[in-house]
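Data block below; observations after.
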Amino acid sequence: MDLGTIIGLLLAFGGILGGQAIEGGSVGSLIQGTAAIIVLGGTFGACLIQFPLSVFIASMKSVSKALFAPKTRNRNVIAEIIRYANKARRQGIVSLESDVENIEDPFLKKALNMAVDGVEPKALRETMEVEMANMEEEGELPIKFWEAAGGYSPTIGIIGAVLGLIHVMENLADPSKLGQGIAVAFVATVYGVTMANVVYLPIAGKLKLRHKASMVAKEIILAGVVSILEGENPRLIEDKLKSYLNQDEQKTAPPAPMAQTKVA
Amino acid sequence: MDLGTIIGLLLAFGGILGGQAIEGGSVGSLIQGTAAIIVLGGTFGACLIQFPLSVFIASMKSVSKALFAPKTRNRNVIAEIIRYANKARRQGIVSLESDVENIEDPFLKKALNMAVDGVEPKALRETMEVEMANMEEEGELPIKFWEAAGGYSPTIGIIGAVLGLIHVMENLADPSKLGQGIAVAFVATVYGVTMANVVYLPIAGKLKLRHKASMVAKEIILAGVVSILEGENPRLIEDKLKSYLNQDEQKTAPPAPMAQTKVA
Amino acid sequence: MDLGTIIGLLLAFGGILGGQAIEGGSVGSLIQGTAAIIVLGGTFGACLIQFPLSVFIASMKSVSKALFAPKTRNRNVIAEIIRYANKARRQGIVSLESDVENIEDPFLKKALNMAVDGVEPKALRETMEVEMANMEEEGELPIKFWEAAGGYSPTIGIIGAVLGLIHVMENLADPSKLGQGIAVAFVATVYGVTMANVVYLPIAGKLKLRHKASMVAKEIILAGVVSILEGENPRLIEDKLKSYLNQDEQKTAPPAPMAQTKVA
Amino acid sequence: MDLGTIIGLLLAFGGILGGQAIEGGSVGSLIQGTAAIIVLGGTFGACLIQFPLSVFIASMKSVSKALFAPKTRNRNVIAEIIRYANKARRQGIVSLESDVENIEDPFLKKALNMAVDGVEPKALRETMEVEMANMEEEGELPIKFWEAAGGYSPTIGIIGAVLGLIHVMENLADPSKLGQGIAVAFVATVYGVTMANVVYLPIAGKLKLRHKASMVAKEIILAGVVSILEGENPRLIEDKLKSYLNQDEQKTAPPAPMAQTKVA
Amino acid sequence: MDLGTIIGLLLAFGGILGGQAIEGGSVGSLIQGTAAIIVLGGTFGACLIQFPLSVFIASMKSVSKALFAPKTRNRNVIAEIIRYANKARRQGIVSLESDVENIEDPFLKKALNMAVDGVEPKALRETMEVEMANMEEEGELPIKFWEAAGGYSPTIGIIGAVLGLIHVMENLADPSKLGQGIAVAFVATVYGVTMANVVYLPIAGKLKLRHKASMVAKEIILAGVVSILEGENPRLIEDKLKSYLNQDEQKTAPPAPMAQTKVA
């Protein structure tokens, strides 16, 4: 888990539970099995009606992507493409056929394969842009899942609270149980709002950033392969691809491959 | 009904009603005919004022589309188009005239018919894109209907609750009926919020995904027919059309027709 | 009034008032002159500050458009354009000069007039698209008026309720009037929320659908006149224009003019 | 002030205060200096943190633009441009140099100046479109200011109410002051919600309409000057520019200059 | 800190705290350590889960950008570019090579460097537009951070209030502590709503304006360098670039460099 997420979880739950403890409230009174059943059951039930089972599974898997920072490899991708560009310049684009076999990234593999097969730059770009558009939509499904969960959770929490209040109101004759009953009812609200604001929505937000970053990598690959296919100067290609990096990545870009490129 | 929807409905209603039962509240006190009359009458009344009767009927029919998973046939559509592409390549596009008769999908039928009639690719694309745009808007109407129902339902629920509270307040002199009256009033809120969050909005969300998938099928057809009309290589057409498939579909695409295509 | 709207109004008001009556609340207690003064005065006052008087008047007139279904005439429009296309093919576009006089629709009249005057297709399209864009914006003003009313109404209702509660609180010493006072206060909320959800917002939604349909008619006219000007085949024009119809209209399109067209 | 705004202000404040008076509440109890300090101070404070001082000043000035109807002059603008078009046709575009001096509108002046200077139509369009885009953004700032005020005001009102309630709760021991205290607290809510819904948001809405109308005037000017520069027929220019007028303006357009134009 | 922000902070906090003091409430009762722990902990915890640590740090740094007005330098940038344009016109674009070394702004440096290197205008524009798009997205992250904080804060405040109310309800038997307990609970709401509306959201709004202004500077640079590369007339370049200035900047633009330019 990356440092920020750990600090975030500690801050959020520590602040909320710690504040309650300092104020003299028992943290135990916040643990209510039935409230959890209503809020979690209602939220994920609604999400399962809205989304196909496959999206539910993908959304569960996506949580780890949100919590752990992926190794940023955009600089490596650029270095790899510049290597191919230099080779294509010296030995012709067909010489890349042997390299294509060993490429792991299926997107880069498909694009380079089409380039080696002699597909026109315009057709290659169109085909790969359709592929990217579909990747983009597919990757947005888990984001929409967690946003939906973040939307349902507080209202299901309110349903839980109102159910509790109805229960309380029916027993209004016995005032001694009144306060306790209302307290239990309110816990459902706390669950619904907390899960939405500290878990579901932050996960959706983090996933959105990660997804955008992964799409930038595809854009770099597509721009690079098309440039290779059009026989552009490797140095210009590098300038162009480095424009996709953010300011930090540009500053820390390794000098070695650049030098090598300039020589080539 | 697909598995996810069944689990979702069980989870949502099971969680909410089960939680209420565990807590000791009688589930029977949640069944209030008048609250249902107010909330359902108000919600569907508002929707019927907003939407023409034909959209109301289409929206009711669309529920089954949301609950049952359609057989995905994008791979079959691609295989069919590749077959036509091979035939057109060998025997000329006019040879497809006999095939057009037997096509079920009216969109594919119309597109291929125009192609056989010798319509220019650009005019064909323009005409079919207008058709697609209208299909897209028409298919969005049931989605908007259920989103509207999901928007009206909680506020109508609040109207029901406030009406109940007004009734309670007028009889404030008799405190013994107070709690019971408030409980009844709150049930309208529960109905309004639950129907919106567990039924209407998830249905709208599911319909949106299904509608998008059905539009992708039209995009595949249009791209394929235009490519056939332009006499593109069937193998390139297949590469292009397979870009519209999502990652799962691409992996499980049947190898046989591909091999056949490559031979052609 | 179209059937759906009648059913909708009966359902909505019948459900809300009927539910109240069944529950034993007197419907009479929901009729509060002062609440109506506050809620309606505040809502329409805010709308009159936001919109010019001319938009207010247009919005009032637009209500009938929302309640009564207009006769759909897109099929007639297409038939008319095909007739002009055939005549222009046989006798030259200038022969339409005599027809232009008798055209009622000012949009079709202006477009055909320009075509007869020998304006280039590109200039004609640009001019008429500016006209359409302005029609589109002008037609959206009543929609925005009713959406604004639907936004102001519930909050003005809350203002009415809080004003009533302030009045109640100042007289807290006399508890016998407490319940009655709160009941009166709540009626303002019911008015604000009900008017927004059962009247203003559904009208805005219906107007939006009607407006979109009327703009499609303009698109058909523009596409048709440009096609005539470019001397396209009437049969192709008909194929193109029929793409603008929705699925139902396409199925029920009268066969006669088509046959006639094919002969032409 | 235009008639609609006056009626709107009377309706809104008359309805709210009148309703309160009819119900027997003293209007005086709605005048609370501290509530006003909290709500106005908080709202404009937040706005001043969000917007630069210059935008605050521009927003204050813009209020008069929202309240008073500007004379619509689009028809005059068109007549002026047609006059220039006729002169340019007869005597060459350089003959407009003497007219440019006397033009008041800086946008028209700059555009015509570039045209007289011999700038290419494409370059002129690009430059003036950048100018228009910046005018559009600059004119949106006061709209955003009042929308922001409309967003902050109700929540600041709630802060005022909660502050009042806290004050009340601390003195719960003295129930005689309870009702009065709560009444005072609620006034802050009334202020926050009323200012937002009857003042800030309607002003923002009116400004948006005015701003859009003023941008249409710029579009007319740009389209007209480019057409003059391209040597188009003045009659066609007039047809084109009149497409920017709304239906009312088109009907009431003065016939005289048109006739004159047709002669030219 | 710029004058507007200072006035804004004084107005907002002065109004809220002053109003409370005038009303007789002790300002001290608004200082609650535990409420602050819950609200700030929860808000920034949620934000840290949603955003990477680097964005959190950038967002903290961005506060000073929001509070202090940057020196607007768009006019200087234009003057600088016009100087280069004149030099490039007289001595050829390669003569700018010596100037590039001393340019501070990395965006202008990179663009001019590519121009001197002989990159085609179209390729230069494409590369720099990718760079701008990435700068735009990167600069939006702190804005989104503060908007997210403004979204989480009120709901975390409500969590704090409900937690406090639960604590109160459990001790309902001791009515003497009731009011005090509720008062403490409400302070969390005040914290959550105030921080969002007086701090987080105004900062986000101010940052948005600043970010837009800084992107306009990049647009000016790109348009200018491309124009130099295409060998446009320096006077036309100046006209074009000055279109990016707002009305105030255009009026106060220093006359000297213009005169100099016209001479050149």
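Each chain gets a letter, A, B, C, D and E, in the order it is written, and its residues are counted from 1.
Operating definition for what follows: a residue touches a chain if its C-beta (ideal position, glycine included) is under 8 Å from a C-beta of that chain, and two chains touch if they have at least 3 such contacts.
What you see is a predicted model; the values in this text were computed from it and never measured.
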Moving only from a chain to one it touches, give the least number of moves from chain B to chain E. 2
Labels of chains that are neighbours to chain A and to chain E: none
Cα superposition of chain C onto its copy chain E, rotation angle rounded to the nearest 5 degrees, comes out at 145
Pick same or different for copies chain C and chain D, depending on whether their interface residues overlap by over half. different
I'd like the Å distance between the centres of chain B and chain C, where a centre is the mean of that chain's Cα atoms. 25
Approximately how many whole Å separate the CA-defined centres of chain B and chain D? 40
Quick check on chain A: which residues sit in contact with 2+ other chains? none
Indicate which of the five shapes (line, ring, star, complete, other) describes how the chains touch one another. ring
Listed round the ring from chain A, going first to chain E, the chains are A, E, D, C, B
Spell out the part of chain A that touches chain E in their complex, as residue ranges. 2-5, 7-16, 18-20, 22-25, 29-30, 69, 154, 176, 178-180, 182-183, 186-187, 189-190, 193-194, 196-199, 201-203, 205-206, 209, 212, 216, 223, 236, 239-240, 243-248
Would you pull the chain D residues touching chain E in the complex into a rising list? 33-35, 37-42, 44-56, 114, 119, 123, 126-128, 130-131, 134-135, 137-138, 148, 152, 155-156, 158-160, 162-173, 184
